[in-house]
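Here is the structure we will look at, set down as C-alpha cells.
Going in written order, the chains are labelled A, B, C, D, E and F, and every chain counts its residues from 1.
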Amino acid sequence: MSKVKVGIVKCGNIGTSLVVDLALDERADREDIDVLVFGSGAKMDPKSVEYVVNKMIEEKPNFIIYIGPNPAAPGPKKARELLSKSGIPSIIIGDAPGIKAKGEMEEQGLGYILIKGDPMIGARREFLDPVEVALFNSDILKVLAVSGAVRLVQEEIDKIIDAIKNNKDIELPRIVVDAEKAVEVMEYSNPYAKAKAMASYTMAEKVADIDVKGCFMVKEAERYIPLVASAHELLRQAALLADEARELEKAMDKVSRKPHNKEGKILSKKELMEKPK
Amino acid sequence: MSKVKVGIVKCGNIGTSLVVDLALDERADREDIDVLVFGSGAKMDPKSVEYVVNKMIEEKPNFIIYIGPNPAAPGPKKARELLSKSGIPSIIIGDAPGIKAKGEMEEQGLGYILIKGDPMIGARREFLDPVEVALFNSDILKVLAVSGAVRLVQEEIDKIIDAIKNNKDIELPRIVVDAEKAVEVMEYSNPYAKAKAMASYTMAEKVADIDVKGCFMVKEAERYIPLVASAHELLRQAALLADEARELEKAMDKVSRKPHNKEGKILSKKELMEKPK
Amino acid sequence: MSKVKVGIVKCGNIGTSLVVDLALDERADREDIDVLVFGSGAKMDPKSVEYVVNKMIEEKPNFIIYIGPNPAAPGPKKARELLSKSGIPSIIIGDAPGIKAKGEMEEQGLGYILIKGDPMIGARREFLDPVEVALFNSDILKVLAVSGAVRLVQEEIDKIIDAIKNNKDIELPRIVVDAEKAVEVMEYSNPYAKAKAMASYTMAEKVADIDVKGCFMVKEAERYIPLVASAHELLRQAALLADEARELEKAMDKVSRKPHNKEGKILSKKELMEKPK
Amino acid sequence: MSKVKVGIVKCGNIGTSLVVDLALDERADREDIDVLVFGSGAKMDPKSVEYVVNKMIEEKPNFIIYIGPNPAAPGPKKARELLSKSGIPSIIIGDAPGIKAKGEMEEQGLGYILIKGDPMIGARREFLDPVEVALFNSDILKVLAVSGAVRLVQEEIDKIIDAIKNNKDIELPRIVVDAEKAVEVMEYSNPYAKAKAMASYTMAEKVADIDVKGCFMVKEAERYIPLVASAHELLRQAALLADEARELEKAMDKVSRKPHNKEGKILSKKELMEKPK
Amino acid sequence: MSKVKVGIVKCGNIGTSLVVDLALDERADREDIDVLVFGSGAKMDPKSVEYVVNKMIEEKPNFIIYIGPNPAAPGPKKARELLSKSGIPSIIIGDAPGIKAKGEMEEQGLGYILIKGDPMIGARREFLDPVEVALFNSDILKVLAVSGAVRLVQEEIDKIIDAIKNNKDIELPRIVVDAEKAVEVMEYSNPYAKAKAMASYTMAEKVADIDVKGCFMVKEAERYIPLVASAHELLRQAALLADEARELEKAMDKVSRKPHNKEGKILSKKELMEKPK
Amino acid sequence: MSKVKVGIVKCGNIGTSLVVDLALDERADREDIDVLVFGSGAKMDPKSVEYVVNKMIEEKPNFIIYIGPNPAAPGPKKARELLSKSGIPSIIIGDAPGIKAKGEMEEQGLGYILIKGDPMIGARREFLDPVEVALFNSDILKVLAVSGAVRLVQEEIDKIIDAIKNNKDIELPRIVVDAEKAVEVMEYSNPYAKAKAMASYTMAEKVADIDVKGCFMVKEAERYIPLVASAHELLRQAALLADEARELEKAMDKVSRKPHNKEGKILSKKELMEKPK
C-alpha cells in the first residue's frame, strides 16, 4: 500500500503549529505516512501565504492542513480560496478569531479546527522579542498538550489518514475546541486533574482577550505594555496549572498515553510500566 | 533594496527547530527578509531529507539553514552534501551528536551551530506519545530561551542577513554552544539568574546522555522506561529552573529584551516600561 | 468632633464583604469613626434584605454601604429602593452582574463600586460545602488584596468619611473596577509585579464566567461539577499569582503600605523598616 | 415548622468570624434557619460590644453566637455578662487568650469554642494596613478550612440548631480546639494530608505567640517590625502547607465534602463526581 | 606559630552536629587549626559518652566542644562533669532542653550555646527510619544555615580560636539562641528575607514541642504517628521558607558570605562576583 | 552476645558522611552495635588521615569504614594502605573520583561503595563559606536519601554487621552506585516517583562534573564563580525534585520505611499508620 501524503502549510504561528506535524509521527517510525511541511515563517500576508499554498498544491498531497492565526484574516482567506479551488481535501486549523469565518469555510468545503485556547501573542515591540516568543510558545504548548487540544487535533488528522488508507469517504472535521471538548480526549482518571486542565485551557482563552486588547485596542504604551505583560503572566500561570494536572495523574500512575504504532494505529495505555495496546 | 530570502529546512525536530524562523521576525513586521520553510515532519531519513533540501535549493534563497537532530546521521549527511554542492551559503543547526561531524562540515564549507543543551527526546513507544512530545518541547523551549541558545542562534543568523544586505562577505558561524557561551548573549544583570540559567542548560545536556542510553543502549523495557521517564523529569526540572532565572531578572526589572525593528535591526532594552533602542 | 457613623449592610457574600469593615480600621484604633454592621448571612432574598436594611436605616448612620452579590437581583433591588428613599447617602458594592443596574443606581442617587474580579462562587451542592466556601474566600481575598480592589474600596469609603468629617459635599463613587483601575491604587514599583497583579484580577473575572455557566446554564451534573471545580482551580491559581506579585515587591523592599493613623488619615510607606508618613 | 433564628454578633475579627455565618448555609438555600448578624467592625471595646449585643438580644434569636478575639478582654467580658443574663442560649467563639476565661464562661452558663490556631494579627502601624489585613485573613482562612476548624465550628452550631428544631435540650459546646481535635472532623483519607493539616494548624498557633510578643511585649520598632513580619510570613507558609494537604486529598480523589441539604441536614461525600448522601 | 587544636565530641545528633567541624574550615585550606572529632554515633548514654570524652581529654586539645541533644540528660551530664574536671576550656552545644542545665554549666565553668531551633527528631519506630533521619537532617540544616545558627556557632568558636592564637583570655560563650539572635549574624539586606529566616527558625522551635509530645507524652500509636509526622512536615515547610529567604537575598545580589582565609580570618562579601575582604 | 563494634573514620566530607553513623541506629536504641567515630574535620591530607586511622585501628573495632571524598587522593590512599595492613575488614565509602582506585582497592582487600551522585562541593573562596557548606550538604542529603544512596550504604553495612554477629564470612561490598542501583533499594511504588528520584541522583552526578571544572580547570574568577554557583543551583534543583519524588509516594501512602528494631533487624512498612514488620 502506498503511503498517505500529508501536506501541512504553516503561515504565521499558533501554539498548535509547533507540533502538528510531530504529533502525527512522534517517534518518526510510522510507515504509513509522509509529511511535507511548507511555511512562510512568521509572515501570513496574502502574498506569503499564496506562495507556499500554491507550492503545496503542486505537490498533490492526499490532503492539506493549513495552520496559523486568524483564519478570517486576508492571508488565510487567500489560502482558503486556493485550497477550496484545488480539489484537495483541506482543513484549516486556527484560533478563536476564525470562528467568524466558520460559515465561509463550510461553504468552501473546508474542514476546520478552531482552538479557542490557542491565543494571540503579546505582539508589542517593547515587550516581544525572540526570547519572549519562545517562552510564550513554551507555555502554550504545555497548556495545549495537557488540556487535550494537541491530541484532539492529532486524532482528527489521523481519522482523515485512516479514511484515505481505507478508501473511505473523508469526513472533514468542523470543530470549535472549548475546554470541555479538549479535555474529553485526555481521558483523565482524576477529576481534579481534569478540572485543572480545563481551567488551564480557559485561562489561555482569556490570554487571547487581553492580547487583542493590548495589541489592537489600546494605543498608549504605558497601558499596553502592562496589558500584554499581564497576558503572558497569565499564560505562564496556565502552564503551571497544566503541569499540576499532569502531576496529579502521575500521582495515581494514570497518565493517558496514546502512541502510534508503526502502522499508524493509535495505541493506548495508562500505567507507565505497561505496554501500549 | 530587495529582501533577503532565508531558506530553512527542518527534518526531524530539535527544540530550536520550533522557533528558529519565528525568532527572526517575532512580530511578523520585518521588511527586510522573506522566510521560506520546507520540512519533512518528524522524518529525517536520507530520502525525506533529500526531497526537501533539493526543493529548497531550487528556490535559490540567499542562504539556507538546515536544522534537525544529529548532523552526523545519514539523513543530515545527505543534506550536507547537497548543500555543499549547491553553492548556496548554508549552515547546519543541530545537537551534540553533530560534534563528531565538525571536521566534515568545515571541509564542506558549511557553517554550524551545535547546541549541546538541545537534547534527544525519550523516543520509546511505551513512553512517548504526541502529548509527551509537546510537553518535552515545551520544557526544552523554556530552557533554550532562558539560557540564551535561542538568542545566540537568532543573532548568528541575523549576522548573515546583515552581511547579505550590506553586500559583505558572509562569515558562516562555527559554534559549539555550551552553557557559558549560551548564557553570555543573555546579558544577565543578576549573577544568580545567570547561574540558574547555566545550570538549566547543563541539565538539558544531561538529558541527552540519559535519552541516548535509554533509547539505544538499554534493551529491557523495565529499565529503559524509567530511564527515559527520568530524562523527561530532569528536563521538566530544568525548565522550572530556567523559569526561576527569568523571575529573578524580573525581580530587579532587568529582563533583557532585544526585539527587531522593522528594518531588521536588533534593538535592546532592560526596564519593562522603556522603549527599546 | 463627633465620630462618623458608618453603616454596613451585608446580605449574601462577595469576597470584598469579608474585609470591608476591617479595612476601614485595621488596628481598631481609629478615633474618628464608628462602624455598625448588620447582615443576613448567606441569604439575599428580598425579605432577608429588607429586614436588615430597614434596621440599618433606623440607626441613622451618616452613610450606608450595602454590599453583596449581584446588585441587579431582587434582594439587592429592594435594598436599593429602601436606601434611595431613606435620604441617607448610600453606596452599593457588588460584582459584575451589577453592571446592568448602573443606570438604575444613578437614577436612584446611589453610589456604586462594581468589582468585576469578585466572582460568583461555584454554588453546586456536589461541590460546595462550608470548607470549600472558606477556601474560595481565602483565594479571592488574596486576589482582591494584591490587585488593589480592597484598597480602592477602602479609599473610596474613606473619601466619604472625610467629606462628612469636613462638612463637605459627599461625592458618591460610581466605579466599575477592572484590572487597570484596581492595580493603579497599589502603586507597584516593579512592573512585573503589577502585570502579575493585573493577570490575577483578570483571572478572577474569568472565574465568574465559568461559575455562572456551571451554576445557571449547564444542567447535567457530569458537566457542571467539572466546570465549577475548574473555576475554583482557576481562582486558586489566581491567588498563587497574586502571591507572586506581592513577593516580587518584597524582593525590592517596595511593598506599598497605607495604614490609617488614629485620626483616620491614610499614611503611606514602602520600605518595611521605615515609619509611615 | 418555624425556622431557627441564629443570632451572630461579631466584634473585632478572628479568622473564623469571616465565614461563621456563611458556613451554616453555604449555598443560601437552607430553609430551616434564618441568620442575623450584628457587628461593630474592628472595634471590640466594651461600649461597642454592648451596643450590638443588646441589639441582638432584642431580636430574640433562638440562640446567640458571639465571635471575636480574646474572650477574656473587657469588651467580650461585657458581652458574656449580657448574654449570660439574657437567658438566650449563647456560645462564645474566640481564640487562645480566651482559655483563661473558661471557668468564668462555664459559670456564666455559656458555651465556648476556643480556636488555638486562630491567631492574633500583627497589629503594628508600620506593618498592618488594610491590604495586609486582607492577606492575613486570606491565609488564616486557608488554614482554618483545611485543618478542620471551620467544619468543627459549623458542626457544633448545627448541633444546636438541630436540638432546637427537634425541641431537644441544647448542649452548649465547650471545646478548646487544638490540631488533633480540629483535624479529626476532616476525615482525612491520606495520613500525610492529615499530618500536613495538623502542622499547618500548629503553625498558626505559633503565629499567635509571635504576634503577642511583637504587639505587646517588645517596644522598639526595629525589633517588633521584623517580629510581626515573621509572624505573617509564618502564617503564609502555614497556608501553603494547608493547600498541600488539600492537594494530597485531591490526588486520591478523596476530598471530604459535607454540604447541607435544603433541610439543613449535613450530607457527606468523598469522590468528586458522586452525589452527596 | 603552632596550630590551635580543636577537639569536638559528638554524641547523638542535633542538626548543628553535622557541620560544626566543616564550618570552621569550609575549604579545608585553613593553616591555623587542626580539628579532631570523636563520636559515639547515635548513642548518648553515659557509658558511650564517657568513653569518647575521656579519649578526647587524653588528646589535650586547646579546647573541647561537646555537641549533642539535651545537655541536661545523663550522658551529656557525664560529659560536663568530665570536661569540667579536665581543666580544658570546653563548651557544650545543645538544644532547648539544655536550658534547664544553664545554671549547672555556669557553675561547672563551661560555655554553652543552646540552639532553640535545633529540634528533637520524631523518634518513633513506625515513622523514623534511616531515610527519614537523613531527610530531617537535610531540612534542619537548611533552617540552621539560613537563620544564622550555623554562622553564630562558627563565629563563637572562631572567637575562642582567635583568643588562643593571640594568647588572650578565653571568654566562653553562654548563649541561648532564639530567632532574633540567630538572624542578626546573617546581616540580611532585605527585611523580608530576614523575617522569613526568623519565621523559619521559630517554626523549628515548634517542631521540638511537637516531637517531645509525640515521643514522650502520647502513648497511642494512632495519635503519636500523626504527631511526629506533622512535626517533620512542619520542618520541611520551615526549610522551604528558609530557602525563600535565601532566594530573596539572591534577588538583590546581596547574599552575605563570610569565608575564612587561609590564616583563619573571617572575610566578608555580598555581591557574588566580588572578592571577599 | 557481645556487641559488634563499628569503627567509622571521617576525613573531609561527602554528603553520605553526615549520616553514615546515624543511619545504622536511627533512634539510638539498637542493642547489637557500638559505633565509634573518629574524624579529622574538613582536612583529608595524609598526615591528618594517618592520625585518625591509626587511632581507630588501635581501637580494634570489628570492622572499619573510611568515608570521605576522592579515595584516589593521597590522604585516602594513606588510609587504604593502613587499613589494608591492619587486618581489620574495612570498606572505603567515597565519590566518583574513587572509581579510578577500584583496582587498587580490590588488590588491597578492601571493600568500597563509590557514590557517583555524591558530588564535590564548589570549593571556591568567593563562593563557599560555612553557610553555603551547610546548604550544599542539606541539598545533597535530600538527594541521597530519596534516591536510595543512604539506604544502600546502610544496608551494605548492616550486612557486614549481620555476618559478624552470626560468625559468617564477611563479604565486603564492591559497588559503584549509579541512579539505577541507588533507586532499586527504595522500592518505589509509583514509577514516576522512581523516575524523579533517578533524575535527582543523575543531576547530582552532573554537579560533580561542574564543580571539578569550576574548582580545578578554570582559573579566572569571572568564569569559575558562575560555574560553581551554577553547580549549587543545580543541586538545589535536584533536591527539589527529590522532594517531589517523596511527595508522590506520600500521595498514595506508599512511602517505604525500613526502621531497625532493637536487635538490629531491618523491618519494613509502607502505609504510614501500620506497624513495621
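Assume contacts are C-beta pairs under 8 Å (C-beta built on N, C-alpha and C of every residue); 3 or more make two chains touch, one makes a residue touch a chain.
In this text, all values refer to a predicted model and were calculated from it rather than measured experimentally.
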Chains in simultaneous contact with subunit B and subunit D: A, C, E, F
Interface copy of B-C among A-B, B-E or E-F, judged by whether over half of the contact pairs recur: B-E
Equivalent interface positions on subunit E and subunit F, same or different at half: same
Distance between the centres, which are taken as Cα means, of subunit C and subunit A, whole angstrom: 39
Between subunit D and subunit C, distance of the C-alpha-averaged centres to the nearest whole Å: 21
Centroid distance [mean C-alpha coordinates] between subunit D and subunit A, Å: 49
Contacts with 2+ other chains: residues of subunit F: 191-192, 195, 225, 229, 251-252, 272-273
All pairs of touching chains, each written as two labels joined by a dash: A-B, A-C, A-D, A-F, B-C, B-E, B-F, C-D, C-E, D-E, D-F, E-F
Subunit D contact footprint on subunit A (complex, rising order): 190-192, 195, 248, 251-252
Touch list for subunit A against partner subunit B, complex: 6, 8, 10, 12-13, 18-19, 21-28, 30, 34-44, 48, 51-52, 123-135, 137-139, 141-142, 144-146, 150-151, 154, 186, 221-222, 225, 229, 236, 239, 243, 246, 256-261, 267, 269, 272-276
Residues on subunit E engaged by subunit B in the complex (per definition of touch): 250-253, 255, 271-273
Subunit B contact footprint on subunit F (complex, rising order): 179-180, 183, 191-192, 194-196, 198-199, 202-203, 205-206, 210, 223, 225-227, 229-234, 237-238, 240-241
